[in-house]
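Structure, as C-alpha cells:
A, B, C and D are the chain letters, set down in written order, and residue numbers restart from 1 in every chain.
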Amino acid sequence: MPDLAFDIAHMLAGSLVLVSFMMIYQDRLSALLNTFALQALLLAAAVGWQAYIQGASHLYASAGIALVFKAIIVPWALHKMIQRLGIHREVETVVGVVPTMLAGMGLVALSILLMLQLTETAESALAREDLAFSLSVILLGMLMMVTRRNAVSQVVGFMSLENGLILATTGAQGMPFVVEISVAFSVLIAMIVIGVFLFRIRERFDSVDTEAIEHFRGEKRS
Amino acid sequence: MELIGNLLLQGVQMFLVLVLAPGLTGLVRKAKARLTRRRGASVLQPYRDLWRLMQKEVILADNASWLFRVSPYMIVAATWVAASLVPTFAIGLEFSWTADFIAIVALLGSARFFLALAGMDVGTSFGGIGSSREMMIGAFAEPAMLLVVFTVSLVAGSTQLSNVVAFMQSDAVGVRVSLAMALVALVIVALAENARIPVDNPATHLELTMVHEAMVLEYSGRHLAMIELAASLKLLLYVALIGAIFLPFGIGPAGTGFAGLAAGLVFFLVKLVGGGLLLAVLETSVAKMRVFRVAEFLGAALMLGLLGTLLLFVSRSL
Amino acid sequence: MSFDPPSLVLIVPAVAAAMLALMPSYRASAWINVAASLLTFLAAASLFVVERPEAGDYLHVDDLNIVFIVLNTFVGLTAAVFSASYIGHELQTGRVTPANLRFYHAMYQVMMFGMNLALVSNNIGLMWVAVELATLSTVLMVGLYRTHEALEAAWKYFILGSVGIALALFGTILIYMAAQPILGEGLPSMVSSKLIASAAELDPKMLNVAFVFLIVGYGTKVGLAPFHAWLPDAHAEGPTPISAVLSGLLLNVALYVVLRFKMLMAANETALAPGPLMVALGLLSLVFAAAMLYRRRDIKRLFAYSSIEHMGIIVFAFGMGGALANFAGLLHMVMHSLTKSAIFFAVGSIAQIKGTQRLADIRGLTQSHPLLGWGLVIAVLSIAGMPPSGVFMSEFLVVTTSFSRAPILALVLVFGLVLAFAALLLHLTGVAFGEPSGEDEPLHSTLVPLWLHLALIMLIGLHMPGPMVEWFRSVAALLG
Amino acid sequence: MIGAGLTIVGLLLVLSLAAAVLPNGPKTPVLVYGASTALCSGLAAIGFSALAASADPVGLILPIGLPWLGAHFRIDGLSAFFLLLLGIGGAAASLYAIGYGRHEHEPHRTLPFYPGFLGAMAVVILSDDAFTFLLSWEVMSLLSWALVLTHHRAEDTRQAGYLYLVMAGFGTMVLLLAFGLMAGSGGSYDFAAIRETGRNEMLAAAVLMLMLLGAGSKAGLMPMHVWLPVAHPAAPSHVSALMSGVMTKVAIYGFVRVVFDLLGPLPWWASPVVIVAGALTAVIGILFAINDGDGKRVLAWSTIENVGIIFAGLGLAVAFRANAMPGLAALAMTAALIHAMNHMLFKSLLFMVAGAVLNATGRRDLDALGGLIHRMPVTAALALVGVTAISALPPLNGFVSEWLMFQSVLQSPQLAQPGLQFLVPAAGGVLALTAALAATAFVRFFGVIFLGRARSDPAAAASEVDRWSLGAMAGLAALCILAGVLPGLLIDFVGPAVEIASGDRLVSQASNAWFTLVPLPQIDSSYSGFLVMAFVAIVGGGAAWTVHRIASRGVRRGPAWDCGFPNADPITQYGAGSFAQPIRRSFGPVVAARETVFMPPPGDPSAARHAASTTDLAWRHLYTPLIALVGALATRANSLQFLTIRRYLSLVFGTLILLLVGLATWN
C-alpha cells in the first residue's frame, strides 16, 4: 500500500512539473491561464492525496483553497481582465520558447541533483522526491517570471512558483502552519492581482506591460 | 696670562683679515690691469676708496626703510665674523670652536640674505633683478659648498676647521680623487660667491648682466663702504679657506710658539698673493656667461661635490 | 493573565491598530499612535527588569532578541513622535487626505506588530508569517501618496518582496524537513531554540540548501546587493517617517532572522560555513552601494543606498565571525538604525522646508537652519564612521580585527568605506554649506527625535552602558 | 600630572560646548580665546614640568571608549615634549586670536570648534591605547575641518574642506590597518600590550609603510600632501597657524610613537623609504613655495617642506637604530624633534604675520602687497625674525636643527650598508639645496610683502594690527631667538623624549662653556649660537659706532635712481612671479612650469602678455586619474538604478541559481 501511495503522490508531483513546462511553452495569455488552472487543479489533487495518506485533515483545507481560489477564481478574474485589456492573444516572451525550455530542463536537472544529494533515510524518501519536484516547479515559475514581459504572465509565474511551495509544505510530514501559509499566499496573490487591476484602472499606464510601468525610474536618467 | 695671549691671538686674526681684505681686492684689480696691458690703480686704491666713501654723506632713496640702513652693518659683521673664523696663520685659537665649517657657510648665507632684502627695499626693478638672481646663484652655490664641506669633513672626521686643517697637515691624508673634486667645486663656488667672471662682473654696470652691483645700486657713502668691505672680506675668506684646506702648509698648530706663528703669517701672505694672481689670470682668460647658464655652471659644482662625497665611500671601501 | 512583556509588545500594537482603524480624527490618531508606541516601548523596556519568561514554542526572549526588541520599539516610538509632527504639514500641503491618514496610522501599528512578532517569535514558521506581514504593511505605506512614483516603488517592492518571501518559505520548509526526523513531526521541529540546541544532528546537506534559499529570501528584505532593487525607491517615495522605520527597523528585523539561521548553521560544523557567503554578499553590497552614492540626485535615495552599504558592513562583520567582529556587527546594527532614522528625521524636515528632495536644490542648511543643518552634518558624519559616534567604534573593531585575519578582504572593505565616505561628504558639503537656497521657511516638524538619537549615538560611542556590553558579548559568543 | 592634563582637556571641551550656546556677542570671542590661552598655558606648564622633573611616566584609565579596555592615558617624556609644543603653539594662537578674532564676521562658525580642536590634539598626545588615539585623531580632523569651513560661502573653501576631510578619512583608515596589524586579531589595543607583542621585521616594516601613509597624509608628506596647500590657508589665520604649526607635529608625534616606541626592531631597508620620501617632500615643497603667488599658500608649502626635513631626520634615526647605534639615532632624533619645535615656533609666527597682513590689507596675493614695512613696522620686524629663522640662518633657531641634521648626516659612514652610505649624503645634499631654496622663498615672501612700494591701494592704506596679535607674535619671535641662542637647553630638554624614541640621548649640553653645542664629544664639532650672536652684534654695532664716530653721519633723502624713466609705476618692481623666474626656469620640470608669452604682431598696439604656471605632478599623475576612475565606476554602477522589475528579478534568480549550482558542485 505505501508504495502505491508513494507512486500516486509521485505521479501527481511529477505532473505538476510537466504542467509547468507546458506553461513555459504557452505563448498566449489565455492558453497560459488555462494551463495554470490545470496546474492548480493538479496541486489540489496532490495536496488532497497527501492529506489522505498522511491522514492530516487540515491539509484538505489548503487543498480546498487551491481548488477554489487558484483553479477557479483567479484564472477567471485574469481572463476577464485580459479580455478587457484585449491582450488575450499577446505573444510577449523575452527569450524564445526553445531556449527557455532548455533552461527549464537545466533547472529541473539542478533541483533533482541537489535533492538527491540529501542523505537517504527511509521515511524521507518520499519527501526527497517531492522536494525535487516542488523545487523544479518553483524554479520554473521564477524562470517564467523573468522571461515574460507581461504583468499577467508574471503573476501567473509567481502563482506557479507558489504552487511549488504548497506542494513542498504538504510533502513535509506534519508541517504546521500549512493552512495559514496557503491563506497568506492567497492574500498575497489577491493583492498582486488587485495591483495589476489598480495600475489598469488608474489609467496611468496604457498597458500592464511592466516595461511600460518602468518608464519612470525614480531618478530620471540625464 | 695664557688666556690673555689666546685672546690676543684671536684679536690679531680678526684684525688681520680686516686689514688685508681690501689689499687683496686691490691686488687682483692691479694684476688684471697689468694682464690687459693697463697700468691700473695702485694696490692701495681700495683703502682710499673706502676712506673716501666713509667721509661722504649717505643719499637714501625716499622709499628706503630702516632695514636698508641696518643691512650694511649686518652684512659686514656676518662676513667679518665668518672670515675671522677661518684659520689663516694658526689653528686652535680661543674662539675657533664658535662656529664650524657649516656655520661659516650659513653666516655667509645670512649676509647674502640681508643683501638681497636690502636690494628689494627701495622698490626699483634693478634691486629686484639683483636679489632674485643673487638668490638663484646662492640656491646653487650654498648646497655645492655644503657638499664640499661634507667631503672634507668626512675625510677629516669633523666639521671643525681647526680639526680639518690639523688632519690635512697630518700625513694621514693621501692624495684623494674626491678631494680634487671638492677643490674644483670650491673654486667654482668661490667665483660665484664673489661675483667674479664668469658668473658676474664686479666692474660692470650694464643692467642686463649685473647681479651684485644691481643689488647695491642704491647704496652710497658709508653704507657702500661697508658693502665693499664685506665683499673684499668674502674674497679673502675664500682664498684663505682654499689655502687652509688644500695647501695647509705652515699654518701654526695649536699652541705653537712665536716662530711658528710668524712662519704661518708669512705663508698666509704668500697664499693670498698667489690666490689673487691666479684669480686675476682666470678672470682675464674666460668670458662672462649668460645669467641662466649660471645654473648649469653651478649645477656642475653641485654634481662634483656630490660625486666627491660618494667617491669617498668607494675609496674607503677599497 | 499575569504581566507578560513579550506578549504585551504584541497585544498593544494589535489593539492600537484596531482602534486606529476605527478612529476618524487624524489628530487624535496621531497621538494614539505615539501613546501606543510608548506603551510598547515601556513593555519592551520592562523586559530588562522582570525575569524573562520560559522559552515557549511560539514566543521567547533571549539575549539576542531583547536588544532588537528594545531598539525596535524605541525607534518605533521616536519615529511615531516625528511622524505626529510631520504628517500635519503633509495634510496641509494636501499630499495626504485624512482618510488615508487613518489608514497610515493603523498600518503603522500593524507594521510594529509584525516586526515585534518576528523578533519575539521562537518559531521559524511564525517568524516567516510575521516578516511577510511587516512587508505587506510597509508596501501599503510606501504607496501612501498614490503618486505615480510611489505606486511604482510600492509595486517594485511588492513583487521583489513576495519572491523573496517565497524563497524564504522554501528555505524554512527545508529546515523543518531536516529537523523533522530528529525532533519529530509538528511544532517542535520549527522551534528555533530547539533547532539550535540539536543542530548538530540535522542533515548538513539539507541545511546548506536551506541556507541558500534563506539568505536569498531574507537577504532581499535586508537589501543586500544584488537583491536591493526595491530599497532605494521604497525609501524615496514613501512618507519619510516610514523611510526611517524601513531603514532603522525592517532591515534589522530581516537581518535578525538571517542571524538566527546563521546561528543554526554555525551550530552544525559539518554543514557549509555561512561565513564566506555572508562576507561575499556584504562586500558586494558595500562596494556597490558606495559606488551608487556618487550619482544620486535625490536626498532620500542617497541615504537609502547608504543603508545598503551599512547592511553590507554588518553582514561582512557577522560573516567574519569571532567575538570582536560579532560584537562590532551588533554594535554597528544598533548604531546604524539609530543614526539612519535620525538622518531620515532630518531629511523629512528638510524636504518639508525646501519643498524638494533634489540634492541640487538644497544648499547652505547650516546657514539657514543651524540646528537642523548641524544636526544633519553630525548625523551624516556619524554614519560615515566619524567619532565620537558608535559607528566609529564598530568600524574600528571590524577593520582592525579583519585585517590581520584576511588582509585582502579588509582592503576591499577599507576601499568601500573610503569610497562611501567621499561620496557622502561630497553631497553633505553641498547640502549643508554654501549660500542657502530656496524659500527660507520655518521648521514644520520637531527636531527632538533627531537630537535625542544623536545624543544616544554619542553616548554609546564614548561610554557603552555596562549591561549593553554584557548582552553584546554573550550574543557575540552565541553567534560563534 | 596626567590628571591635571586631562582636566584641562575636559575644560577645553566644555569651553567648546559653552561657545556653542553662548550669545553671539562681542564678548564671547574674547572669553573663549582668553580661556583657551590660559588652558593651553596650563598644558605647556604640564609638559614643561614633566620634562624638567623627567619623572616616571604616569598612567590613568578612564571608563570610556572601548568597554572592556577603557581609555588609557599616559604622559611620558615623548608626550610631554609634544604637549609642551602644543601648549606653546595653542597659547600663542589663542592670544593672537583675542585680537584677530574681532575681525571674524561669523565667530559662531569658529568658536565652538576651536577649543575642542586644541583639546583633541592634546588627547592624541596623551592617549595610551589604539582606540583612544584614533578616536581623538579623527576628532581632531573633524574639528579642524569645521574650522576650515569657517568661510564656507567661498566655493574653493568648500572644495578645500572636502579634499581635506577625504584625505583625513583615508589616513585614518590606513592607521586602522596599521593598528590592526599591530594588535592582531586578538585585539590587544593598549599600547603596553602592543609594545610587548614581538613581531617579525617584515610585519614591522609593513606597519611602518602604513604609518608613513597614514600619519604622512596628515603631516603633509608627498604624495598625500595635496590637501594641505589648500586647506591650511582656507582657515582663519590663527587656525592656519595651529594646523601648520601644531597639528602636523601631532601627526609626527603619532609616527614617532608608533614607529620608534611601539613597533620594536625594524629592518634597515625600511629607512631609505622614509629618508627619500622626506627629502623629496622637502625640496619639492619648497620649490612650490617659491612659485606660489598667495602668501598663506607659500607658508603652507613651506610647511610641507619642513615636514619633509623632519621625516628625513626620522628616517636617519631608523637607519641608525637598525644598525644598533642608539647614540647616533639619538642625534638624528634630536634634530628631528627640535626641528619640529622650531618649525612650530616660526611657522605659527609667520602665519600670524600673514593674518595680520590679511587684516590690514584684506589681500592674500603677494602681487597686491608691498611696502608694508613702513605701514606696519612692528609686524615687519617680527616677520623678519620669522623669515630669518625659517631660512635656517644663524644665530636663530632654524639653523640649530639644520646643523644637527647635517651633523647626523655626516655620521653616515658608520652605517654598515653601502646603500645607505651612498643615500644619506645624497639626501644631505638635497636638504642643503632645500635650505638654500628656503632662503630664496622667504626673501621673496618678506621682500614682496614688506619691502619696496605698495602695489595696491589697500596695501598703501594699511595700518598696524592690534596689541594682542603683536604680543603673540612678539612672544614667538622671542622664543625663536632664545631657542637659537641657547640651543643646549633645548637639547637637554628634549632628552627624555629622545631617550624613549631612540633608546639613548645626547650628553648634557648644560656644562659647555658659552652655551656651545657639542652633540658628540668623540668628534668635537661645535657651534655656539650665543657667541655668533654676540660677535655679530658687537662687530656690527662696533662698526656702525666707529663709522658714525670717525666718519660722516650725514643722511640726505633723494629719489631712487630711475635709469632715465622718471616716476615709474610700482608695478615695475620685481613682483612675486618675476622674483621666482630664475628658480622656475632652473627647476622647470619638477614643478611642471609653463611660461606663455604673447607678443602682439608688429603694428598691433596692444600690450604683450606673459603668464607662468606650475602644476603639482601628484595631481597630474595620481589624483586626476584616480578621480576619473571613481567617476567611471560610479557611472557604470549607476546604470543599475534604471533596470526594470523583470531585470531585477533576473538578478535575484541568477544569483540564486549561481549559488545552487555552486552548492551542487561543491558537494
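Criterion: contacts are C-beta pairs under 8 Å (C-beta built on N, C-alpha and C of every residue); 3 or more make two chains touch, one makes a residue touch a chain.
These figures come from a predicted structure and were not determined experimentally.
Shared contact partners of chain A and chain C comprise D. Set against the Cα centre of chain D, the chain with the most distant centre is A. Look at where the CA atoms of chain B average out and do the same for chain C: the two points lie 78 Å apart. One inter-chain figure worth recording: chain A and chain D are separated by 69 Å, centre to centre, where each centre is the mean of the chain's CA atoms. Distance between chain centres (mean CA atoms), chain C to chain D: 44 Å.
Our note on geometry: chain B versus chain D, Cα centroid distance of 35 Å, whole angstroms.
For chain A, residues that reach two or more other chains under the stated contact definition are 114, 117, 142, 145, 154, 213-214, 218-219.
Each of residues 641, 645, 649, 656, 660, 663, 667 in chain D touches at least two other chains.
Within chain B, contacts with two or more other chains are made by no residue at all. A complete list of chain pairs in contact reads A-C, A-D, B-D, C-D. The part of chain D that touches chain B in the complex is made up of residues 370-371, 373-374, 377, 380, 384, 388, 391-394, 399, 402-403, 406-407, 409-410, 413, 418, 421-422, 425-426, 428-429, 432-433, 435-437, 439-440, 443-444, 446-448, 451-453, 514, 516, 523-528, 531-532, 535-537, 539-541, 543-544, 547-548, 550-552, 554-563, 568, 570, 572-575, 578-583, 585-586.
Against chain C, in their complex, chain A makes its touches with residues 114-115, 117-119, 121, 123-124, 127, 131, 134-135, 138, 142, 145, 154, 158, 161-162, 164-165, 168-169, 172-177, 180-181, 184-185, 187-188, 191-192, 195, 198-199, 202, 204, 213-214, 216, 218-219.
Those residues of chain A whose C-beta lies close enough to touch chain D in the complex are 94, 107, 110-111, 113-114, 117, 139, 142-143, 145-146, 148-149, 154, 210-211, 213-214, 217-219, 221. Interface residues of chain D facing chain C in the complex, by the touch rule stated above, are 63-68, 130-131, 134-135, 138-139, 142, 149, 152-153, 155, 158, 161-162, 165-166, 169-170, 173-174, 176-177, 179-181, 183-185, 187, 189, 630-631, 633-638, 640-641, 643, 645, 648-649, 651-652, 655-656, 659-660, 663, 666-667. Those residues of chain C that touch chain D in the complex are listed here as 155-156, 159-160, 163-164, 167, 205, 208-209, 212-213, 216, 220, 226-227, 229-230, 232, 272, 277, 288, 291-295, 322, 324, 364, 366-367, 381, 384-388, 392-393, 395-397, 399-405, 410-411, 414, 417-419, 421-423, 425-426, 429-430, 433-435, 462-464, 466, 469.
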